[in-house]
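Presented sequentially are two complexes of subunit A, the first with subunit B as partner and the second with subunit C.
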Partner chain A sequence: MSAAAVHSLWTTAATAAPIAKIDAPKIEYGQLSPSLIVVGAALVGVLIEAFVPRRSRYYAQMLLSAVALAAAFAAVVALAADGYGTTKAHIAAMGAIAVDGPSLFLQGTILLVGLIALFTFGERRLDPEAHGNRVDSFAAQAAAVPGSESEQAAVKAGFTTTEVFPLLLFAVAGMLIFPSANDLLTLFVALEVFSLPLYLLCALARRKRLMSQEAAVKYFLLGAFASAFTLFGIALLYGYAGSVSYATISQVVDGTVTSVDPALADTMGNDALLLIGTAMLVMGLLFKVGAVPFHMWTPDVYQGAPTPVTGFMAAATKVAAFGALLRLLYVVLPGLRWDWRPVMWGVAIITMLGGAIVAITQTDIKRLLAYSSIAHAGFILAGVIATSKDGVSSVLFYLAAYSFVTLGAFAVVTLVRDAGGEATHLSKWAGLGRRSPLVAAVFAVFLLAFAGIPLTSGFAGKFAVFKAAAEGGAVPLVVIGVISSAIAAFFYIRVIVLMFFSEPRPEGPTVAVPSPLTTTAIAMGVVVTLVLGVAPQYFLNLASQAGVFVR
Partner chain B sequence: MENLIALLIAAPLLGAAVLLVGGRRLDAVGHWIGTLLAAASFVIAVVLFAGLLGRSGDDRTLIQHLFTWVPVESFQADVTFRLDQLSMTFVLLITGVGSLIHLYSVGYMEHDERRRRFFGYLNLFLAAMLLLVLADNYLLLYVGWEGVGLASYLLIGFWQHKPSAATAAKKAFLVNRVGDMGLSIAIMLMFTTFGTFAFGPVFGHVTDASQGKLTAIALMLLLAACGKSAQVPLQSWLGDAMEGPTPVSALIHAATMVTAGVYLVVRSGAIFNAAPDAQLVVTVVGAVTLLFGAIVGCAKDDIKKALAGSTMSQIGYMVLAAGLGPIGYVYAIMHLVTHGFFKAGLFLGAGSVMHGMNDEVDMRKFGGLRKYMPITYWTFGLGYLAIIGFPGLSGFFSKDKIIESAFAKGGTEGWILGAVTLIGAAVTAYYMTRVMLMTFFGEERWKHRATAGESVDGHAAPAEHAAHAEPHPHESPKTMTIPMIVLAFGSVFAGALFTWGSSFLHWLEPVTGHQEGDSPLSTWTITSATFVLMLIGVGAAYAQYGRRPVPAVAPRGSLVTRAARRDLLQDDFNHVVLVRGGEHLTRSLVYVDHTLVDGVVNGTAASVGGLSGRLRRLQNGYARSYAVSMFGGAALLVAATLLMRAV
Partner chain C sequence: MNPVNYLYLAALLFTIGATGVLIRRNAIVVFMCIELMLNACNLAFVTFSRMHGNLDGQVIAFFTMVVAAAEVVVGLAIIVSLFRSRHSASVDDASLMKL
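For the complex of A and B:
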């Protein structure tokens, strides 16, 4: 290459026309308002940490977060009512964000989940008061070394980590953007925006701090590892299509692309890039939903994290990540479905079976629920694979149903306590039904919903997903799904049997009387579980209306 | 007028609900509520009947659509009622005889402390039976079918404190279950064959179905009919069902419910007409049962069981006639109605006798009762003359028509069936004369029975002494005798009324169709032969029971007699073949279940558990091994995706 040619790469002849004015990007603030409200509130939350006196911070943060989440939810409802979920669905923010049915449905779900999770975050009556100060589930001072004098001093001073509230809001903001991202870079940024606060939150448990910190480090390391794969996959896809925009990539896949960037003409359309890039990108998302074999972090992190965080993470992360996966597979890669479907079949099968089988021998309730969430990820994958409109709507419904059950179940776990904090070992739950029939009954409802027993939301969701999968030609997958459900039913029912048909232990745990916050969270879980179970049709229709992606 | 149809069912249903839910506070008036609502239903039936008579023959079908019951894609079941001449006939019989028997029960059950509940069950029965005959599709009919089964179960076991009654109820229920399976399978077959089970569409599309399917449906319907109508081989429950209170035996196990099988066959005539093989089986079942029941009736000393054998035999006549197709449908139903009158009358008479004789049922301990209960004697006597086919009375007309139709079937079959029905007529005359003579004539064997009883068993317990006390036969109260008198009128005149100008034939023909049979023998020959055989039967019975004293303790009897006393070994047969066989089957199934199935299940559970334990070890807590697993997984994912493209 001649020097002049090289030079011309970064200079331009003076005779050429001057660079045209760069237009300011056009941003539809109204349509992005849910995410913007939450991000704004999170930033205000940071300011509160800086300027509001320590004593008032808890109340200020609670109020701010609750108002922000509620307002964002109201914005989602208003957008949906305005027809942005159906007729007015389009791509906003210069092609970065899709405002359509699935986006709004998932955003609404995430915001409600966030709101309920906020209630469990703010619960301050479960632990006995320490030095006259009410305490929540979070460490007094995150930076203090566990067991050190500074930690004791922090406890004595009545410190609380009110930073969890802005962290929660940042995570929610990332999750809101994640399923609606319409280009790969936005997707990646959203992924990091919601992952980083979660890593931090995991480390903040008040009790069993070492375990909590270990969980956080593991989550962070493995999450970073997975992010690297994701990013590499994005790079390969860019190499393939010459663009990170979903629309362009899908056009290249379909072979209907109009303009080709000459600089990328060599690699463009190279199927090896496409396939490897797809596999790596999908792997990153499968890590987030906890599918086998990318699930190993799940039990350790679920067990170590503060239980309110676990509940939030288990519910909201799954919703956001499946939303992103759906959009990727349905909008970007439908032309490639003959390649990814068989692979996803395999992933779904080992995820369903693996989660259900390993859960059988678990002895810790949080780990049990973690494996259960893995099995559920497999069931949802079965719906994803359907590649039909019913597949989308059934997955949307399942995610909504599942997230409320999960939140409720983990909220109940926070109630059962002994001297060491939450009594998560299963043997301690023996005979709980005799001692606290109401709590045990509520937990039994959640377990039955997990198991997919009729008249609970779990049944309606599972039925919808399996039906969509079967109609999509995945009958063997459904058969395996049903077998896994049977295996899974074993350990759910085992807990019920343990609670109701075993003698209570003399030194067994007590059930703490929660404040209205946790009570509300659990009640919401029960109500949604039963309503979606008894009369699912309205919500199925809603999910069905919301089941069309915009391209 | 259609709107009245639902009221027919609603009235007794309301009664059942009020009486069964109302509790003790209704004890004092419950029986009158029940009777009133039954009568109300009868009044509605009469109004509807008058309405139907006012229309022309082809325009007598009323349809009332109440609501859609099961709307599932092509599986559509409506609650729709069909009132045509066939169901109208049944409705009148059910509500008419039903109301009379309600009235009778007021007296009969006077001393029973659970009388209110009894009337509740009776009303429930009426509602279910009316639903059965008014349904416009087989699924709704099935509801009524099960409903009468339930009512029958509850009423047979009404005196549940008696183990025999409880057992009999269970037996009736279980045997009926076999028949019910037949009906449900028939409905399923109809649905798969025709895509519907409503009467109109099914009968309209019979020609579209293959012969094999039609025969299968017809045979399943026949199985159902056998269960409900106590036809061989599902006959064993009827005799035991006599454990129920006598009004129940009269209403359910003589006049109405047991004839539901005949209704089913006649109603499904379109199907049977197209399946001649099944029709032949129907006639065979009818012929066998008519002899079977008659023979059993000859040997029984228990008055109700003798009448039960007779019921079985008479329904055999009806089933046989129904199996003859359009030649016989009308006569089957005609005999059903006349039989409803005289058999209900006979049972009520038997109940009246028992009422006066301390609930004794053994005819060997009766005798000479005509002096003490004249009304019972006369009404029973008229029923007796009617059933044996004495010229001019109901049975004469209806039974002769069946015998004629049997001959008219033609060919060897016609001769065999005709002969069987003739022999049946003779045997009927024999056993009914026997009942009549042993009960109302001869020596008064119930006198001094207390001592006689002791001398036989030698150790009559003092507690039983009261029951063994010498009875004081007396006529029953008016609530009991009035229904008997009314039914006696029916026994005498119904047959003539129906035959006069072929009125019944013209009434029913639009629904069932009719075809005049071509009998090889003239009507006159058959009538004479029947009359002569009847006289022979009466004579034989008179020779045996009229001229000689009846022994108070049954003689040992011949082999046949002993077999007949044991219901021709039906229970022994069922025990050896079904019960023993069933026990062996269950035992071997349990063995298979324990060893094989449980083995597989436990083995699976153990291996899943073992797998779980092993997989769990992969979760070792080290982030490095997790990362390796992720890396391996990612590599697999990439490799698999590439492989899919390569394939």
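For the complex of A and C:
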């Protein structure tokens, strides 16, 4: 080979055709504004941590986060009012994000949940003042070893972990993208973006820090394990379809793919890759949802994490993860429903029964609520199985109703305290109704909503989900759902009886007087619970308008 | 060489990683096994990319690396804070919350 010929292997003559221009991607910034606002605010929050003096950080962060979440919610409402939820629903950002009814509905829910969670994050009157400084539920300095001198010094200096606010915003941003992701890569990145801040938030409790760190390690290791499964599932689905786009995969599943280049035609369409990949991907999502066999992390993490974080995690993660699961099963894999429906039947049944039965034996209020959240994941799965438009809208409604009840219930848990911080052991809640009738009554409302008693949002949600499931041909599932609701009602009512009909113990806990922040959070929970219970029709209509995915 | 062999290798590495997560006790080793699983995913992505003749898989591999790096930052922070307060990184010792 001559020198010139070798040279031409890696160079090109200047006279040859110019390299074709690469088209810049077209991004619809307006339609992505909810997530962009939240991400932007989170980045500003990081800068605040770096440059604003420590004294004023708390106020700056609270203001920034509240404004950002409210602005993002306003953007969602504006998009929905503009018709992006119904007639103008389409796929934005070069096929990466779907802007449609379910995603706008879930984004709105997540933003409101985030805003209320922000109020509980910012609460500074529950813990007694440390050296004249008001403190919140988060560690003075997360890096200081619990009980060490450096921790005492940090407490004395009045440090607070204001980093929780940007972390909350990052988690919310990931959750906004998760249910609207329209390709598997975006799905995975969004999953990690909302998971990583949650792992950190779990480790930041002010009291019981060893438990908090333990919860974070468990959540992190199991969460990373589950996301590795998710990723391998994505790899196999990519191997199956030759693309990670939802639309292409669903076309390949249905066998209606229009144009395939020859190189791809030989390698795609292997059913083993499809089935194993789907199983692994769904496994990862069911882990986030907290469905039985993948629920082991839930009670430990819910118990160990700081209670405001638990409330946020319990409410918002479920909304985001069920949104993604719905989109995956309804948009990507409807052609595979004869394969996934039986599996989901099984998962729903053991989740409902397992959560309800194990909850009976619990003695810690946070663990009890954790198992109740597992049972609720089972009820929502019953709606997912319906594979109908009603199934989607009932799940959307249930998620909205459930998330506010959960936030409110965990906010009440932060109020009941003794010398060691929150008094979460059930025996300490005995006679709470005699000491603080209002707090006990509010908690009873939330428990009745969890149990699904009429005139609360829990009843409307359960009714919608079970109706959709029965119409979708899952009558046995509904029967089991009603039975496990009855089992679950037993332990909710038991807590109510404990609060109102037993003698208060002399060394029992006190109920702290919260600032307007937590009061607002709890009041919002009660209002939404009662409004969705007494007059659910408007919101059911809203959910049913929003119940159509874009492909 | 037939690229399918790389898929078998990826599956094998993933299985080794998953087994390690289940049987090892040290949190750091468990975490390394998770990283092995993520790298197995990367190998699968790149192999499928080669087989399909499109670049999606290679691009995804870069995203996976970035995500894995972010996960290392968060994970090591959590594991180190646990180790400093307990002087042990064993996942069996972390059992304050049992039924």
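Just so it is clear, the second predicted complex is superposed on the first by the 525 of 551 C-alpha atoms of A that agree within 3 Å, B and C clash if a C-alpha of one lies under 4 Å from a C-alpha of the other, contacts with A are read in each partner's own complex, and residues count from 1 in each chain.
As a convention for this text, a contact is a pair of C-beta atoms (placed from the backbone, for glycine too) under 8 Å apart; a residue touches a chain by one contact, two chains touch by 3 or more.
The structure displayed is predicted, hence computed values, not measured ones.
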Subunit C versus subunit B on the shared subunit A, clash or fit after superposition: fit
Touching partner for A:L328 - first (subunit B), second (subunit C), both, neither: neither
Subunit B versus subunit C as contact partner of A:P293, first or second or both or neither: first
Touching partner for A:G354 - first (subunit B), second (subunit C), both, neither: first
Partner chain(s) touched by A:F225 [first = subunit B, second = subunit C, both, neither]: both
Partner chain in contact with A:L542 - subunit B first, subunit C second, else both or neither: neither
Touched partner set for A:V282, first subunit B, second subunit C, both or neither: first
Contacts of A:G304 with subunit B and subunit C, given as first, second, both or neither: second
Touched partner set for A:A315, first subunit B, second subunit C, both or neither: neither
Partner chain in contact with A:V217 - subunit B first, subunit C second, else both or neither: both
Superposed arrangement (fit on chain A Cα atoms) - minimum subunit B/subunit C Cα distance in Å: 5
Overlap of subunit C and subunit B interfaces on subunit A (superposed complexes): 217-218, 221, 225, 229, 299-300, 361
Complex contact set, residues of subunit B against subunit A: 605, 608-609, 611-613, 615-616, 618-619, 621, 623, 625-627, 629-634, 636-638, 640-642, 644-645
Residue ranges of subunit C touching subunit A (in the complex, touch as defined): 7, 10, 14, 17-18, 21, 27, 30-31, 34, 37-38, 40-41, 44-45, 48, 51-54, 56-57, 59-60, 63-64, 67, 70-71, 74-75, 77-79, 81-82, 84-86, 91, 94-97, 99
Parts of subunit A lying in touch with subunit C, wherever the complex brings them together: 142-143, 145-147, 185, 188-189, 192, 196, 199-200, 203, 209-211, 213-218, 220-221, 224-225, 228-229, 231-232, 234-236, 238-239, 242-244, 261, 263-264, 267-268, 299-300, 303-304, 361
Residue numbers on subunit A that touch subunit B, as the complex places them: 217-218, 221-222, 225-226, 229, 271-272, 275-276, 278-280, 282-283, 286-287, 292-294, 296-297, 299-300, 338-340, 342-343, 346-347, 354, 357-362, 487, 490
